[in-house]
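First, the structure itself, so that you have it in front of you.
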Amino acid sequence: MATVNDVVVKIATVNGTGSASANGLLMKSIFRMGIPVVGKNYFPSNIQGLPTWYEIRVTGDGYQSRSDRVDIMVAMNAQTYARDLADVSSGGWLLYDSTWPRHKQLDRDDVTVLGVPLSRMCNENFDGARARILMKNIAYVGVVAALLDIDLDIITTLLEETFADKKHLVDSNMKAIRLGYDYARENFVCPLACKVEAMDGTSGHIVIDGNTAAGLGCMYAGATVGAWYPITPSTSLMDAFRSFCSRYRTDPKTGERTYCIIQAEDELAAIGMVLGAAWNGARSFTPTSGPGISLMSEFIGFAYYAEIPAVIFNVQRTGPSTGMPTRTQQSDILSCAYASHGDTRHVLLFPKDPKECFEMAQSAFDYAERLQTPVIVMSDLDIGMNDWMVPDFEFDENVVRDRGKVLSAEQLEEMEKFYRYMDVDGDGIPYRTLPGVHPKGSYFTRGSGHTRHGAYTEDSAAYQDVVDRLLVKWETARQTLPEAEFEVSRFNKAGLLTIGSGDGACVEARDRLAAQKINLDYCRVRAFPFSDAVKEFIDQHEVVYVVEQNRDAQLRSLLLLDAGVDPAKLVPLLHYNGMPLNAGFVVDRVLEEVARGRAA
Amino acid sequence: MATVNDVVVKIATVNGTGSASANGLLMKSIFRMGIPVVGKNYFPSNIQGLPTWYEIRVTGDGYQSRSDRVDIMVAMNAQTYARDLADVSSGGWLLYDSTWPRHKQLDRDDVTVLGVPLSRMCNENFDGARARILMKNIAYVGVVAALLDIDLDIITTLLEETFADKKHLVDSNMKAIRLGYDYARENFVCPLACKVEAMDGTSGHIVIDGNTAAGLGCMYAGATVGAWYPITPSTSLMDAFRSFCSRYRTDPKTGERTYCIIQAEDELAAIGMVLGAAWNGARSFTPTSGPGISLMSEFIGFAYYAEIPAVIFNVQRTGPSTGMPTRTQQSDILSCAYASHGDTRHVLLFPKDPKECFEMAQSAFDYAERLQTPVIVMSDLDIGMNDWMVPDFEFDENVVRDRGKVLSAEQLEEMEKFYRYMDVDGDGIPYRTLPGVHPKGSYFTRGSGHTRHGAYTEDSAAYQDVVDRLLVKWETARQTLPEAEFEVSRFNKAGLLTIGSGDGACVEARDRLAAQKINLDYCRVRAFPFSDAVKEFIDQHEVVYVVEQNRDAQLRSLLLLDAGVDPAKLVPLLHYNGMPLNAGFVVDRVLEEVARGRAA
Amino acid sequence: MSYIGKPKVAHPKMPKNDLGLTARDYEGTVSTLCAGCGHDSVTAAIVQAVFELNIEPHMLAKMSGIGCSSKTPAYFVSGAHGFNSVHGRMPSVTTGANAANRSLMYIGVSGDGDSLSIGAGQFVHAIRRNLNMCYIIENNGVYGLTKGQFSASADIGSKPKKGEPNQQEPIDPVSTALSLGATYIARSFSGDKEQLVPLIQGALLHEGFSLVDVISPCVTFNDHEGSTKSYAHTRQFYHHVVDADFVPPAEEIKAAYAKGSAMPVELHDGSKIVLRKVDEQYDPTSRASAFKYLRERFNAGEITTGLLYMDESRQEMHDLMGNTRTPMCQLPLESLNPGAGELKKILNRYR
Amino acid sequence: MSYIGKPKVAHPKMPKNDLGLTARDYEGTVSTLCAGCGHDSVTAAIVQAVFELNIEPHMLAKMSGIGCSSKTPAYFVSGAHGFNSVHGRMPSVTTGANAANRSLMYIGVSGDGDSLSIGAGQFVHAIRRNLNMCYIIENNGVYGLTKGQFSASADIGSKPKKGEPNQQEPIDPVSTALSLGATYIARSFSGDKEQLVPLIQGALLHEGFSLVDVISPCVTFNDHEGSTKSYAHTRQFYHHVVDADFVPPAEEIKAAYAKGSAMPVELHDGSKIVLRKVDEQYDPTSRASAFKYLRERFNAGEITTGLLYMDESRQEMHDLMGNTRTPMCQLPLESLNPGAGELKKILNRYR
């Protein structure tokens, strides 16, 4: 099938061989041609020597999720050759390094195999083992460029930007590109039937990963204290924050820093530091992943009960326990919503992509300070570590950020007496004071039983008074948090509901299903507790397919518990094998349910 | 109102003054008269000098929960005098130490105040500050004995048993008892209208607390490794295990021990030790409370996924965070059911009293070993630290305990190859091997992604295969665990459902409601996941009142998620101020709901 | 835990400090600890120390974990903010608090259970960062609040009230801190206020991590015969090696030091600690020799006390990082981002 | 992590140990670490050590946490059971495992991140219990698996690949272990198999807690110039003080020791460790002097290696508790309760 700007290229290599930059170059060059792209990286949980894949979906119609097919497989890893060949869609192509012989027995009739002697060419043209390996990767970019008809000028420009000060590297890279490009043009019919063509689909967009976006968001939010313990896939969030801050928050003259990043000894300490800093009035945060959340849970409960703001980024990965650290999932929803023993519940935000990571990284601090409670931004590996094409981020300098109810020295001066946990405004949110501001503001923060006045108590009524007020605050949160996104028509009886990185696949699935005359309304939830509108959305439909990336229908569980909706209406569509969600899965599962007689 | 064997005595003292033994003596003497009693201790979270209360309910009809009235208040603490007087039910009595004057302004017309110069009497009759304080407590026992008509011979016997080798202590204690007793008989009309009379309501029963019972159960279960970190209210469980083991598991000749108790450095370590020991085939356990569960959650998820047996006793206390460590609640239900990040769920057992603590302490090991997963016994402070009158424990020496699917050296010898995570029997439970048993049994236990063969994997299908099997195991657990207790009549449309220490109050509430012609069926759940019968019970009623001791309706939440019942049917009756549940609360709440038009 | 308020009537003739406050102004709510608990004496020493140092109450931050000892911040300086965190995690909270506001003075009160068992990791890492705080361990060899289990500082052979003597090697916070390079290490005894007060003062003013390990007997669970953390045992085997006097910036050192030589060390704010060597052999400036001495005395059954090690040369956490002196929490939010225009430029890197 | 199986064909002429096994029989699956990683050399040393010690593979328990280092137990002795626990918690799992079955031999492999940051508390307490295990830290100064952040053992001034040099005081596992009283403490280098193998053998046979701190460079993230945990730096500043030879029970000590004096120490199973002093000054039997020496050399920039401290006199965990020698997990369940009759008697106490 001949297509334009609708092709999926998957590259199989070995990690630690420098293929990442080659793959990035390939993706970027297509993006620079104005064509929307989706890039997904499937990498192992080790440092060097294991199979790794990169998948580029060229998607002229701008879909956001990974595809469910492979048109061109660049099979650079002998170890996974069989599996890679099997993965190619019928009618597709497989590119391999013909320097060495390959398993002919595995050949498929419906796949065209293209051999390019990449190693030989690079060995002949470059010196040194390391350079030869690197250049082999760049050479396959050249081959693919020829096969898809990617603009070589754009590649050149990209290389010039990357190696601004290193002209010789631009030259050697271009030489490798040329080797592949020319070989392909000489030996194969180029371009293939699936090819790319410059278009205007990317202006006003950038390509960025969610962790970088969140790190940038934290800087823009004015976060000053970041405490963390390294854990995949959240590590690059703090790396980004650090690199933006070292550029923009370091006095160029004195070298003095207006940010403080602490690599904690573990996650228990990281969250402790965040609480200490927030108690003192700094915007503080910690990025982590599942195991970190488990370790933080005692302190998260403390923050809920002592009412201390805290921003936590949970970049979710696959599985219980250590699981698959380099695969994606949305499986910490329940553990985050109810983290810690006792009656606790926590505000969650669900960004759908890097742009929302940037935005929610900022608003999370506002909510945390406004609500005086931990706010957990529920990202995942797919969003956090993959490159997404998203609209440009915006920042309005005139927006005054919400610092919540903090009493100033002047206000304290005028008060007769300050009581920490009084519901003065009826919204369940008390006033707080910061240490060092005014003598009248002092109080004793504690996770043990306390009264509305902030005094220690073991009295039943005084204790209950405070935990009951926290429920009032919860309802305030419900009104305060970002509203879900809806697409509703009057006629549809069924709806699709998802969160976060499920969005792309759901949007695409809706289009595909609509093409089959199955029309679904749509709701993308952005926060927990759920707004009234989410409940209404469910109430107004006969059936709602809840699409989420975990085994135990955790989002659906929260909907039952917090929105109090009818369980019979909520049909779980669960994807939890660690790969990012794709539209095909959603379409198939909806069709299955419809075939079983569910509403559509 | 004149009553026989239906009276509530509450004693207000200061902790650290030795009143605990006086109160125990009082309760025991009534029990020895054959009259059922309920004892509740309300103590502060400190060691000395703060108000503390002990409440003895004499309950000829054998109810198990605390009462909602106070007939006789023994007000020994000036600090809480006002509050204590206010607590007395109309028509009741207040006993105070008339050595010193008291707040006459506070007097109530409907309460009879009885002054006894306890301090003066004791100062005159005993030497030394410490003895005088202790004897003052014993003296009020004498007063109450006279007021209620408790048999002095029984008190004497009890003292003789307690101070078997210390005759002089028996004498001094009896002297103090006599001081109080005689003073009362001389100055008041004794006995009061509310009095006790010997009956035959306690034979075949003992008075014991749940932690002692659980510690005894662990010894009988053959537990050999106990790891723990002290935390109220679970500490006395390990103390009991230690004391039973030091008596019964220490070789009388060599002094060698067949048990190993490790005071861990914290709860993270305690659960790690339990897993290490269980992996090696020992029955191992840890007692803890809420904060400990939070800290253990990473390891609990590991055990779920790596399938390692572990027995955890969670003696629940009040509140999120440190909360009120000496008050009771059932508020860790959600955090235990879903402890840890990722898709995890855990088996819970809900003992209702010390007898079930003894039994479940044993069966918990069977379930853990059979199901190869953590089993959490959800006790609470009320059960664990209060004295309960319960039927004698039984132990059948002929019952062979279930050690689960562990391959022997012989079995391994005969196998071609052993694979750790294969579902050979279709019940979702694989076979395991123990280190050191046979070379063929060796495998690598890990919390990272693994295949059914036990090999490391990052493969989507192989990963999903294992977590899907865990769901099969979950269904096996559902069939395996102890069935709920039901009381069902054909005619009732409404039911009452509870767990654990909620039982006593619910049983009593049902009787009281029945007296008002409100008949409720009853279900006491004993395990999570819930059996099919629990679901049926709910399905068969129009409304089910779910009585639990937390703010967030956590049991009800689990019922929605795991039993998939109709939320509209489940009406939450929530009690969470830290005091043990009483029947009055249940009755009032049901009446409220009925008044609102709910089925009854 | 305060059922009873404490009357705050100061006698008009009570001495006042430079801020015009009396010692009363540095008290807290009434202690709920057992009568005679060592911790209450430490509380009193802290009150005196901060009173004399003229610390504005609200510029002091009182940090703690969980335990009888960790309750004590409620019992001193009511006018200071306090943070009673979770068990064993005071160091991390203090680290974050200090990161956010370096202008406050941090006093952390912990127990041997809180710091050496559940909190061992955080204790170690606060030292490693040279966190600017005064860290007091009220060391009684037991878990007081959970009723008397041995803690990790219990000595081999120390007897419990009932049961068997401890057999495990004790963790000595002082040697551990020496091995980790803490920059101010002192040991004292709750029963020796004279020694303790200046040690706390020095610890408060030292820029960096200051450890004050205070033997603070638990009268209820660990003050019987055979206990090596009892009042009697401590008094008997107590051995001062280097005492310290604290001299405020303005004052000159004029006291005459009878025993041993006196060595003044200047602190960052210009005040001084005068080390008075009681034992001439002892060198409080060398980790190696301090460690050796301590072990030898330990083996001889002695409890070495005083200002055991001091290093004014190492930078504290913020300075190691090159952070601004303005407290992070006081930086205006608007000043912390490069604006909309710069964002555009940043985005261009991602095209 | 084993995508490829490893062919297990042993050459017929390969040397066999007393059990008739070849070194091949002590290998594991193919390593997935970076080519040149120090950890792979430690793996090789372990293989040789256990091969030579004639350990039955299934009687060895391989314990670890999380990290590149913690993966290595998969790469040696496939025939042994392994427990790859969670990050930093290997010590507690090993404690429990040992509590249940004292008849196995325990080897724990950890990293500097795993042991000195998240695992610091558990590390400390395993030492305190004198847990009978061989604890190997594959110390590379960085977090390898999470891509090169400094660990707590990074030296002051050590340079990262990019970014700023480390400023924080390192945690030295050896000095920490000395301050805590570990009973066998060694340091070595992954590049010095000759020194490393007998140190591991001694550690395995020592009854009690044995620490082997192995400088094991991370070629990917910490082997560049300026890194103090690089091959080059370690080789340059490497300083043997006491080497050790392991002599099995049966054999007599007959080797002649050229440099320094030789001191045989008998182990519990009758085998011996012969300490060969390379540096006459060094005394491996005194915590105090060992600490002093180590600090002085450390200040001089040297990396002191060898068997640095040994104490055969202290009892290990079980013996401290007086536990039976029969593994707890092998006690028949029926033997562990006093029966129904005794239960009746027990209940009578509660009437």
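Labels A, B, C and D are assigned to the chains in the order they are written; within every chain, residues are numbered from 1.
Methods note: contacts are C-beta pairs under 8 Å (C-beta built on N, C-alpha and C of every residue); 3 or more make two chains touch, one makes a residue touch a chain.
No experiment lies behind these values; they were computed from the predicted model shown.
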Chain whose mean Cα position lies farthest from chain C:
A
B-C versus B-D: which has more C-beta pairs touching?
B-D
Could you tell me the distance, in whole angstrom, between the mean C-alpha positions of chain A and chain B?
44
In whole angstrom, what separates the CA-based centres of chain A and chain D?
39
Could you tell me which residues belong to chain C and also touch two or more other chains?
1, 86, 117-118, 120-121, 124-125, 129, 152, 321
Can you list every residue of chain A that touches 2 or more other chains, as numbers and ranges?
44-45, 265-266, 291, 298, 302, 321-322, 446-448
Specify the contact topology among the chains shown, as one of line, ring, star, complete or other.
complete
Where on chain A is chain C touching in the complex?
31-32, 205-208, 212, 216, 219-225, 227, 244, 248-249, 251, 255-260, 262, 264-266, 268-284, 298-299, 302, 392-397, 401, 403, 433-439, 441-448, 455-456
Would you pull the chain D residues touching chain B in the complex into a rising list?
1-2, 56-59, 61-63, 73-74, 78-86, 89, 91-101, 103-104, 121-122, 124-125, 129, 318, 321-331, 333-340, 342-344, 346-347, 350-351
What residues on chain C touch chain B, complex-wise?
1, 3-4, 32-35, 66, 68, 71, 86-88, 117-118, 120, 143-147, 149-150, 152, 220
Interfacial residue positions of chain B with respect to chain C in the complex
16, 44-51, 79, 229-232, 235, 263, 265-267, 291, 321-322
Using the touch definition up top, name the residues of chain A that touch chain B in the complex.
44-45, 290-291, 293-295, 297-298, 301-302, 304-306, 318-327, 329, 331-332, 334-335, 338-345, 446-449, 457-458, 460-461, 463-464, 467-468, 471, 550-552, 554, 557, 560-561, 564, 566-567, 576-579
